[in-house]
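Two complexes come next, and they have one chain in common, subunit A, joined by subunit B in the first and subunit C in the second.
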Partner chain A sequence: MARVVVLGLASDFGCQVQMTNMEDHLLDVLGAIELEYWQLAASGHMPEDYDVAIVEGAVTTEEHVELLKRVRETASTVIAIGSCAVTGGIPALALSGDLEDRVGCVYGESGALVACGRILPMPVGAIIDVDYHVVGCPIDPAEFVEVLHRAIQGLRDAVPLEPMCATCKIAENTCFYDRGEVCLGLVTRAGCGTKCISLGRPCTGCRGIAADANFESAKAIVERMGADLDLLLERAQLYNNARKDLS
Partner chain B sequence: MFFRVMDKDRLPDLVRGLAAEYEVIGPIAKGDEFVFAIVSDPTELRLDYDTTILPPKKHFMPPTESLMSFRVQDSEVVGEELDRTPRVLFGLHPCDINGLMLMDNVFLQGYEDPYYKARRESTLIVGLNCMPHEGCFCKAWGTDEVHWGFDIFLSDLGDRYFVSVRSVEGADLLDRCVETRQITPEDTAEFQRVASEFQASFEGQPDTSQVPLLLDAKYDDPIWEELGSRCLSCGACSMVCPTCYCFDVRDRLEPDGQEGTRERVWDSCLYIDFAEVAHGHNFRASRAARVKNRYYHKQWGYLSKFERVLCVGCGRCASACKADINPRIVIEALQAGGGSL
Partner chain C sequence: MSTLTVEHVARIEGHGTITVDVDGGEVRDIRMDVIEPVRLFESMVVGRRFDEAPLITSRICGICSPNHAVTSLKAVEAALGIEVSERTQLLRKLLLYASYLQNHATHLYVFAAPDYVGGGIGSVFPLATSAPDVVQRALRIKKLGNELTTALAGRSVHPITPVVGGFSSEPAVSVLEAFVPRLAEAARDAGKTAALVATFVIPTFEPAGEMLAMVDSDDYAIYEGSVCALDAGWCRDVSEYRSFITETVVGHSNAKHSTVDGRPFMVGALPRVNQSWDRLAPTARVVASKLGFRPVSRNTFHNNLCQAIELIDAAERCASYIEQFAAVGGSSTPEAFAIKSGSGSGATEAPRGTLYHSLSIDDDGIVTAGDVITPTAQNLANLEADMRAFAPTVAALPEPEFVLRIEQLVRAYDPCLSCSVH
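Our next item is the complex of A and B:
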């Protein structure tokens, strides 16, 4: 059985909490792997050797960089989970503006001491190769289990490449653009089942930008439909600020 | 075919009578739009609907359906069920009935699809006449009328329905469920008047003559690049299309990893990986190539096999595509000489 470790970088650990929320299936999953370390939910120390590393959170310190390099040397399989790890997520918002100012804003004058070793936030994939991705903020437990099985079985990563609109049609949601409102679903990676939109909230892109997104066309659509282009650009930053091509 | 007349106030009798024996699916309101869904009460039915977000194909080929379940250890099939729920699809417009018949060509001819066939055989179709709405261009394809493909068809004559009965099952259910009467010459005259009014209500229908030839002539037109630059590759057009039938097949494991389900899911030729094959080669890697393929398949490829274009002019793709790509725009731009939109 695959020996698995779960570790967290800069994040609120919400995705690890989602793993505990698998309740009904947690024991099934634990029966299929050998869980050697789980930063959030188990005591004990990170072992020297393991097969699969599940990484949550964005890279924000030198220590993270060193840790990830060790992880990549040790694990045959690395799975990044959640927006922070996959896209840089919320931590990457600190890329806008001056990082030192922001550290001061949060930690006061002692910030230099508290947040030591800090670097500009970035996704895990910016430091090491990632084999599998579970996207979203937070992750969907069922999707996590699916990806974990794919990883254990050696199947290829199967993150959808297309944006969300097709799923939204399948859910028979009324399009926000038909009401002149901005929705980032035009370019956001599919696969969430349009949870937010089905509940009446426009997409803010937590699953990351689809590999085949056409952002230029999305901007043209927003302008043609008389929606708020600034709002589109702002929403595109929320989870995807580590990308430089969304302006 | 024979004809009866049913007073409109008998409609609830018909729906309740059907509901006693069948799962009744009809147009109901969802927000400002309409969807086909299970009708639990006749008052929910919105026979004044213009169109629905998804076409009725979802009741024959669901967006996600289980083909079988299997055991991982020895790859044995442990479950395979065909959906034979007795169903009535109530209130389908001619375009959608025509759409189903185009799907039938694919799933019931040559290589029969057992999953589609089981649902199709278990489902009765109750058609309903309509009036053209803004996006309709069914008349351009001749899909504004149906003469078969339904069990009964209701034409609204104001206070009554002119009922065309096409099948034995349709005749039976009408007998069992609702009181009808013989048609009179006045009923026939009124039916003819409504049909003529329907035909006269179409405005600005695109000229679809020689579209296949036009496509051949414009294969290398720059318009395809321009359409490609607009396309979001989102596949919304395929989902809402009553005639798009492409699917993908995926295996999904249960959380314990011991058993799994082989699922069929709707696919779209606009997705970037639609034409990707083993070792990663992609036959249609560019958006322009994919948009072009969509139009050539619908207006040419299918035609060459089944002598019909794969479009019924329902107009759903035109409202689903926020990038403003639809058959009308494409055909009109090609007819105008191509070059640009």
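Our next item is the complex of A and C:
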């Protein structure tokens, strides 16, 4: 059985909470793996050796970098879960502007006292190779179980390549652009069941930019529909601020 | 002098290390080093549009995200002068209580119980075979909380539907009414939970900290009310929170420490039950009394039992809110509002205690300043004061037992360190 460790970097623990939120499957999943370390759920120490590392959170400290390098040397399989780990997510918003100004904004002049070894936030993939990705903010528990099974069985990673507009049409949602409102579904990875859009909220891009997204075409559509192009780019930063190609 | 450290304390949300300096068998100092990485949320909302603040600040905490989202919405609405409908308020209260069900059940069964059941078992997982009915009960309450959250907000973590002025979508009355029988079952499960928690052997411990909680004359205060101090006897408007809570940066923690009137203080289930005992659902009061709990209690370890009492209350209250929702009429769809400059603050009682958000907005709706004080950040100074008072009383125990007792005290606060740093 695969020996699994779960690690949290800079995050809100929401994706680890989602792992506990698969109540109906939790005990089955635990029966299919050997859970060696999970700080959130169990006492114990990080073992020397393991097969699979599940990593949540963005990289924000030197300690994270060192930890990830050790993880990559040890684990045969690394799974990044959630936007923070996959794209840098919300923590990467701190990339804009000067980091020390931000520390000053929160901690005042005493900022130097805290947060030793801090570095600019980045996704896990910026430090080490990642074998499997579970995207979203937060992850969907069912999607997590599916990717974990893929990892254990040695199947390939299967992050959807296409943006979500096609699935949105199948869900019979009214397009936000028909109302002149910006929606990131144009360029964001499909696979969430267009959850937000179906509930009356435009997509904010938490699953990251789809590999097949055509940004130039998306911009043309936004302009043609009379929506706010600046807002599209600004919204795209929310979860993709670690990408250099969007600014 | 020797130093004992417990790194990355397990079964709490976030990363913290306990450091104890021991000299000749005596505890010289004990600290909670909050090593949770800084994410600088208060700086992140600056420059973003006002309606993104709830989305961004919800990501402070994946375990109580509905509470952050709703509190941030209240701050935005206060800044823009928006009043929400009674229907919206009911849906928000339901959402906050659904979060209580999920949070308290997770803390009591997954985080706290392994310290007390079966002589200390490290995690809840062994109970799946040794006490399956207990695990099934835990999962039932947690799942109900998650499914009610999902029905209201689209998913159990990071709510989708709550927006400035109301909800982008609301569940059909029939969908909510289908929860009522399950809530009745949850109230019974919560009663059994309280009975279980009452069997946890806890020390007699009477620390000296102040206790703060929101108090509302009409209701058990979680959505609105003023903030009241138990010892000092004052009640203050939420919007004045910066004037009665003093935050200081301390060297060993990435989270700031807080005091009121120069004293550390506690927030959470125990201060709430102490101050709003008369407004608890009658069943919750009856069960608590039968189990020997009487307000006012100063024993921090009673926070666990008070969470269980609140679980009973939450289950009953949700059923009553669903009944009110079916009758209330009106709309939760936001009404049109004008974007203008202003500042506002909001507070709610999150599962771990009073949560404050505030922000300032300019004429274009861009956030110019933001501030958040989370329950755990407020509790940290008090937690350390408790540790200093408690550690000498258990210092003679063998090291593993000593560490377990200290960890029990830490977990009694149900700390959320990623919240505390944000």
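As a convention for this text, the second predicted complex is superposed on the first by the 246 of 247 C-alpha atoms of A that agree within 3 Å, B and C clash if a C-alpha of one lies under 4 Å from a C-alpha of the other, contacts with A are read in each partner's own complex, and residues count from 1 in each chain.
The working rule: contacts are C-beta pairs under 8 Å (C-beta built on N, C-alpha and C of every residue); 3 or more make two chains touch, one makes a residue touch a chain.
Just so you know, these numbers come straight off a predicted model, no measurement behind them.
Trainee: Counting only touches as set out at the top, which of subunit B and subunit C does A:R118 meet: first, second, both, neither?
Mentor: second
Trainee: Could you tell me if A:L199 is touching subunit B, subunit C, both of them or neither one (first, second, both, neither)?
Mentor: Second partner only, subunit C.
Trainee: Answer with first, second, both or neither: which of subunit B and subunit C does A:S11 touch in the superposed model?
Mentor: A:S11: touches subunit C, not subunit B.
Trainee: Counting residues of subunit A in contact, which comes out ahead: subunit B or subunit C?
Mentor: Between subunit B and subunit C, C touches the greater number of residues in subunit A.
Trainee: Once the shared chain is lined up, is A:K69 touching subunit B (first), subunit C (second), both, or neither of them?
Mentor: It touches nothing on subunit B or subunit C.
Trainee: Go through the superposed model and pick first if A:G44 touches only subunit B, second if only subunit C, both, or neither.
Mentor: Only subunit C; A:G44 stays clear of subunit B.
Trainee: Jot down the residues of subunit A that show up as touching in both complexes, subunit B in one and subunit C in the other.
Mentor: In subunit A, positions 24 sit in both the subunit B and subunit C interfaces.
Trainee: Show me the residue ranges of subunit C that touch subunit A in the complex, using the header's touch definition.
Mentor: Contact set of subunit C toward subunit A: 8, 10-11, 13-15, 37-44, 46-49, 52, 55-56, 59-63, 65, 106, 110, 114, 122-125, 128, 139, 142-143, 146, 154-158, 160-161, 163, 168-169, 249-251, 253-254, 256, 418.
Trainee: Note which residues of subunit A are touching subunit B in the complex, please.
Mentor: 22, 24-25, 28-29, 31-32, 142, 145-146, 149, 152-153, 161-166, 168-170, 172-175, 177-178, 186-187, 210-214, 216-218, 220-221, 224-225
Trainee: Can you tell me which positions in subunit B touch subunit A when the two form their complex?
Mentor: Contacts found on subunit B: 30-33, 35, 52-54, 63, 229-236, 238-240, 252-257, 266, 268, 270-273, 287, 319-320, 322-324.
Trainee: Using the touch definition from the top, list the residues of subunit A that touch subunit C in their complex.
Mentor: Interface residues on the subunit A side: 8-18, 20-21, 23-24, 26-27, 30, 35, 39-44, 57, 60-61, 64, 89-91, 93-94, 96, 101-103, 105-108, 110-111, 113-115, 118, 121, 137-138, 140, 195-196, 199-201, 204, 234, 238.
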